[in-house]
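Note that the chains are named A, B and C in the order they appear, and that numbering of residues resets to 1 at the start of each chain.
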């Protein structure tokens, strides 16, 4: 793939990105959220059409009109969300769409089941192929998806975060399968955030950032740290550039403990997350994608129920059942996904802004519209929300202004703690600076802030303290003083498993 | 996004109503009489009352198929109180009980719908199917399927009595429409209903009590059905569990959809539902008054529903 | 069907057998040839409608129009019955297929929610039926043999005399029973067998189940999702049409206002038979068992009243149906909630 560009509604997702996979090669594809990986994959497998650029596949120019067409030509994609039919049997899922038949167009069940079993046996998977797929673990379902791809005579298999919901033993099985594919001459494009896996199976790595391909190198030539630095676009020993963000001021009047979360665990994604926030403090929560940042935040806010762990908030142990209870106790949470978890698109700025406050804005049971307007207008002015007026529909606002409305939704509640998940993602530079300085101002007024961000400069400059999560565990805590981006990257990238492997001297064929 | 579709979606109902009235004034003899007005309003009364509850349910992204059956339950139970069948009570006490108790019972059945929808996360169309089937059976069983004929003018006044020359049921309808429109647009509850339908995940994260809201809209839908059931028996001076509210779910949904409420939730208009019901009724009236047989009106109604939903889709795309 | 999915349908079959045994033990004449034949004759219409509904529900849709489509078809069939058995049969069936195609077009082309689409078709079919019938029932012709479709026994011509003699014995009893199997039941049974093969042993059948089990995943797999959904509605129209033909033949008239509530009976049969209302998983055999189960409950209520012990009105049947639906739907929901957790 050469010089691929693609934009959505004028916003470029890919600009002149390129990607090359050799026959029987396992190529890693890494990048931060929004780097353009998934757009790249979707152009390759026909889900999107590129704006410009050229693609060659199997010795000729290539354009996929649809995922089905790509599949027939030999490009199969295995998504994180397994795109198979859980109710149908394992064998059927492999052969759906081109089932072997007997006379009169009847299905040859014996052949379907036998061939499916034989195919899976090649990957050392021995299960009852007649049982519904949903009865099996995610790992087996992944294998079935791979078997389906192979049965299509795939030349290139794209795996989009295949291991994100697997446990360690299952990951081993999957990686073995990937190597088996390579041994059979199939190329693999492997997208993952787990570096161990990349080093274990991949030959080369393509690193993407901001819609561009920034590096292509053999896996053995790059350290984990360099990989992280390259993904984030930071120099390794770079000292934080002062003033790159608008978090002016610094630790001001930090007070006593406000929130303490210990041993938070949810499924595979969060295993042992620990953090605490003090009054008047901005605490950064850093980690690569899939490190469990958002899940931890949601568990604290009771948006999801945690499996284990203790949360102490405002001096009391809590076990909130719903976000409403967390809100009543003085929390607020801005989701990273503004569109599907934040705004109510069809409602006005005023309604969105006061959605949480509304029950308090009543006069004898009725919504006190005068009071509502007063609150809304105050916040529109105070934090500079650019809109035609309180009655404008929120969906017509820019991303930055939508985010300001969502911030105001909590600020008007006078919360004690605000959890901000990627507060400046997808927001133009001007609004970004405004939001950053607003967060700092709020903290100096005594608000506790827990800020998740993928932008290291935001974490390094904005946060008074930083926790780093890796694979669902809190692995480091830093103070603002003398903190560099390199420190955080080292914590994100470092992995005991690497040491262990080196100690054992076990060499993994790459 | 076709602007024309948006235009029709927003103002289509009102426009259609005006055009129908103009057409009838020009073509249909004796159209501009209070008699015609009363006939048409009486025809839509129960549909609009049920439609109000349905509008709220649909505003949360749900649907209530059980309304007709709940009408039957309320209608079948009511006469037992004031005909002295269950117990002897002073007439007005009996009537009061015969109005209040059945409506409350219908509301409780509505809560049952809400329970299925929220507690088990069953799709509303399936959850309310249970009472759609069983509800009429309950009504039939409790009356043994018998027609209960009565002549209690004091009770029947709720449908056929007149105030200022307008049938009392029309007043009930107008009051319910006004109150519901007020609730939907002026109260926290109304805003929360729309928020749940507009983006349930976001509403939950903003502390909106999603479960309680859903419970309430299904209960309100039940209460509205109860009221409509009583009006039907008062009009007929008889309660027939087999027939009360039969097919009402279709009429109510049709009125709501034609009125411009989004089937996917998040945008709702109570007045639109009133207009929608009037349009459907007036189309039927126009066809009948001009010699088109009644069944043909059904076919036209089917076309109207498909058109209204199709326009919604165009707008959403 | 295959392997694991069999359990819910097995449960229905078990309940069906238990109820049948209970009926046989408790009531005289419950298993008499006459009673069994009349139960089968009457319920074959509902079984057919439930069969088509099963196809639609398997795709994750719903068809609320089946009752009025059956009524519409009965009117068409009655009108055409004078031109011969075949004319009536094909006319009624064609009317049903036409209505089914209308549903299919609205759902797959206009992309309108199935319950709204089929609701509209319900109104349209009902209106058309009343127009064609001039608001009254339409007598069928008794001269063309059309009524045999509803009232006849397909194999009765083969019935040897000795079967009805005094020395018929067990063998004669069984043979007589088979030979007096009513024609509509044969039609329904044949439809179920064909449907079972289509769902279990053809690519089309598997695609119907796949489309309901995961529409987006099926599209990504390159399955002809829209085509599968399209034909599910056509089939539902067809079975409703056939039910309409039998309705007209059995009662000697096309009945424009029959069919009210049939869709509920059909949905309840399908769901009680173990098919997921959300689509993707289902059983043809279970649907047949579900339809028979609901039918037999009605029969038992009749017999119970006949015994005079208690007086349960026939109206209990919809309460019982609703209760069955409630139990099954809650169980299905609990199961899927547990899987998500």
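Note that contacts are C-beta pairs under 8 Å (C-beta built on N, C-alpha and C of every residue); 3 or more make two chains touch, one makes a residue touch a chain.
Remember, it's a predicted structure, so these values are computed and weren't measured experimentally.
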Chain contact topology (line, ring, star, complete or other): complete
Reference chain C; chain at largest CA-centroid distance: A
Distance between the centres, which are taken as Cα means, of chain C and chain B, whole angstrom: 31
Whole-Å gap between the CA centroids of chain A and chain C: 49
Mean-CA-position distance for chain B and chain A (Å): 45
Of all residues in chain C, those that touch chain A in their complex: 2-5, 197, 201-203, 206-207, 209-210, 213-214, 216-218, 220-223, 276, 280-281, 339
Of chain B, residues touching chain A in the complex: 186-188, 190-192, 194-195, 198-199, 201-209, 266-267
Chain A - residues contacting chain C, complex: 66-68, 71-72, 83-89, 92, 96-97, 99, 101, 105-107, 109, 128, 130-132, 134-135
Residues of chain A touching chain B in the complex: 301, 303, 322-324, 327-328, 333, 335, 340-347, 351, 355-356, 358-359, 361-362, 365-367, 369, 409
Complex contact set, residues of chain C against chain B: 62, 106, 110-113, 115-117, 119-124, 126-131, 135, 260, 264, 267-268, 277-278, 313-323, 325-326, 329-330, 333-334, 337
